[in-house]
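These are the structures in question, set out in turn.
Look for chain A in each of the two complexes below; its partner is chain B in the first and chain C in the second.
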Partner chain A sequence: MIPSSEIETELLAFLRRDIFAPETQLDGETDLVAAGFDSMSLVKTLLHVETNYGKWIPESEITNEALASIRALAATVARVLNEK
Partner chain B sequence: MSRAFDIVVIGSGAAGIAAAVSSARAGRATLLLDKNPAPGGTGGLSGLTTLCGLYDEAGNFLNDGFTREFANALTERQPPAQLEPEAIPSKHAGPETGAPIKMGRVWVRPYRPEKFREAAAHLLSSTPNLQPHWQAPLANVSVANDRIVSVNGFNVGAVIDCSGSAEVAQAGGAECLETDETTQATAVIFPLHHVTPEIHTPAEAVKLLLPLARAGFPPINFQANLEPNSLTAKFTGQPAQVPALIEFLRTNIRGFENCSTPLKEFSVARRAGRMIVGEYVLTGADVLGGRKFHDAVARGAWPIEQWNAAGQARLRYLPLGAHYEIPARSLRAAKIENLFMAGKTISADANAIGSARVMGCCLATGAAAGVLAAKYLDSQK
Partner chain C sequence: MKNSVPLNGSDQLMRGFDFELRRRGFAGNQCQIILELAARISPEELENRVAALQKEFPMLNARVGGIFKPKWKIPPRVKAVVLVRVFLDEPGLRQKLFNEPLCVKRGVLMRFDLVYHAGAGMDLIFTWAHTLMDATAAEHFLTAVSDENMVLPKTNPQPSGAPKQWPERLELMKKSVAQLDKFCEQQPRSMGVRQLTAPRELQYRVEKFSPEETKTIRANSSRLCGILGDAQFHAAVAALELHRLHQKLGCATKSYILPMPVGLRPKGRIEPLFSNQIDMLMLQFLPEQLGAMEKTVASLKAQTAQALRENAIGYGRKLSELFSFLPLPVYMAVLKHGLKGEICSLFFGDTAAVNPKLENFLGVSVENFTHVAAVTPAPGLGVVFYYFRGELRVTIVHAKTVLRDNEAADFAAAIRNRLLNP
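Now for the complex of A and B:
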């Protein structure tokens, strides 16, 4: 089991490094779209998750709720990874 | 002895159209030179279909005057009545009325490129005091005592560089700054017809884009345009990859089974450009901080866009509701006293130009540069 808090920490580090300007305030609850997250950045983040954890996120899991914040995304990723 | 003009404008993109018309309207004999056979520049000829940078957060015009006039000239039917924030039309009202549509946090105006070219040609041919020369590349700039005395053999009082790449400034030896394709990636722009996609939410966009990314295609961005069942694609790959991309969409993506493009050849549009160092260099901090100036001549509110070499956008927004100003000093060259600039080539650093290069801003700086050049000539009497 990978806990979703661990995924959240890892995702935050990735976003700070590769997506957002260093000065952007980010935490698990930041509204990603309001922070300036465009669809290409979302795609880049999902690709990162897929290469990092070795599993594709199924289309049915890609919902607006799952993409609303890093915490919501981490929870979705955790559920997908921990599924048998 | 060759003819003299008060003002010579180089380039007939968004900036040059605005500069030439406003200089001629100020009563100045104006010559417009473009290497192309017709006006339009990037806005009219690259396949782009959205005017960015026209509006503030509430959907109201940031700049009045020529900018608003030109935007309304692109409208298919009646221009919208005065836009009140609460009266902003829904997404579907946009294409019919010329009203803006919302893309993420910002408002844009969809347009047809042929209408852009038509409006430009009409304005340029119907304005008195204005003489355009087509297929007239910049060939010769002579400078004496820090002033440009002639351009292509025409004696001239002032010059406005709207070439997008500081052609006059370079020929005249003025100092320039550069952006490059590692911060402003190129793109191939083309329309995709016969598509019936549903992309209204981030999740729907991701479902469309993720399979393309997994298949290894460079980033692509789709925008609504004014044609029915059509999108404008901005693809960061190479022209030669476009047929494979379209085939992939037809085979794999719902709503794209029958998609096709009318284009036979694809070309690369360049975001990168060259800026002329002026009396003031507008900075990324000025843009993001919504800075105001005592000698402001134009306003902008578009986020700073940077596109890395892999074609990924990084957008940095101004605070909600904020706008910045562009000072007259950023439209006047530092070293050559009668050289002005507008559009993609204003005095701005590589960050600031990531915002100020959108066409709404190019129109506004163009109109302002035309007026500034005319005032400069008044002061020389």
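Now for the complex of A and C:
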């Protein structure tokens, strides 16, 4: 069982390093789409999750609600990863 | 600012396209943004604003030089020669202005044409050399022209997010060559091979979608490509309709290559501004993958994920840099040889939402916004998607030597229909 908070911390580090400019302020509440997150960023993020946790998150799970914040995305990832 | 800055691979590729277009008798690789304004603006005010920016950024009058390593040579002083012209509207004027070359060799990298209508409104046509900057940067620059309080980044146009070490660069270059060779196993044959007898000019038409139509298209996109899948949906529609067009005109091809531009700037950053920060994700479709929308989308998604898995974004730019020390005619010859003559079946662009600050220009409401970009033959056909005020716009550009007017109109209508009814 991977806690959502752990995934959030990991995702934040990845997004700061590989997706967003260093000067962009990111935290758990950041609205990803409003910050400039696009389809390529999404595929990169899903690939990162697959590499790190060994599971591809189906795109059907990526809804508007899941992208409303980094915390919401982490919760979605955690839910899919923890599904049996 | 230094008096010279290097051209990155994307800039070099744009310069190569410019050379190729001019060699074939076209105006060059230049882009336009057209603002349809609700009221007239003063040419003097516009001239003063651009002149101030030119003084601040002498890069805007730079010339490409350097024998073995092409670079922008930035003049130490700028005389602020701003090309602002005024016209009265007449039929065919927009096409004429699009086909009028910029004198890039003399450092004229942009031009502003003001076209007065019979009523109160006017068009502002901003033309710039594609070697100078990409479309996203141009939107940002135009915003700065409009808003004198806006501060543009002072950083030099260095490549961002690109590997700097040669072993890593060479590795990417090798991968790029291998990928192109793989693509060429199913040799694409573009529309450019038709070469109709026609003036060597580019023509464009714009498809506009109402808010209701845009909503329907976004719902289609979301259903087929998921959230944030707009660009993929647009690319799939363009590929499918290109296949139909080839079939209709009897231009058989073993595959279609569609280069999908990817922005290389980290999200939340606009600099370096005077530089092309894009690379191409090369997608290949076989005719059998273009029978139905679902198949096309599935192939596109799989190729995108695979390219990102292999870190394939950045290949093209590195490849362009590999031969950049060569004189332009040799550079283009090497490039075309590597691409087996022609590899792009359609130029595709998706600049997403227009910068909302451009809904007003110098205090005047912008009624409509158009992006136009030159396309090289081959393939002589390009499609650009963008949103203005939440409404989708599609610009279809074609060389008159490649498509007849009625064929281009049919292609535009087919794209419209496919977006609404995929």
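Here is the rule we use: the second predicted complex is superposed on the first by the 83 of 84 C-alpha atoms of A that agree within 3 Å, B and C clash if a C-alpha of one lies under 4 Å from a C-alpha of the other, contacts with A are read in each partner's own complex, and residues count from 1 in each chain.
One rule holds in what follows: a contact is a pair of C-beta atoms (placed from the backbone, for glycine too) under 8 Å apart; a residue touches a chain by one contact, two chains touch by 3 or more.
Note that the coordinates shown come from a computational prediction; the quantities given were computed from them, not determined experimentally.
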Partners on chain A (chain B, chain C) - clash or fit: clash
First, second, both or neither for A:Val33, with chain B first and chain C second: both
Touched partner set for A:Leu47, first chain B, second chain C, both or neither: both
Which of chain B and chain C A:Asn64 touches, first, second, both or neither: both
Contacts on chain A seen with chain B and repeated with chain C across the two complexes: 19-21, 33, 36-44, 46-47, 59, 62-64, 66-67
Contacting residues of chain C [partner chain A, same complex]: 225-232, 262-263, 265-269, 301, 304-305, 308-309, 313, 352
Of chain B, residues touching chain A in the complex: 104-105, 201-203, 205-207, 209-210, 213-214, 219, 221, 303, 312-317
Complex interface listing, chain A residues touching chain B: 19-21, 33-34, 36-44, 46-47, 50, 56-57, 59, 62-64, 66-67
Chain A residues touching chain C - in the complex, by the definition given at the top: 19-24, 33, 35-44, 46-47, 59-60, 62-64, 66-67
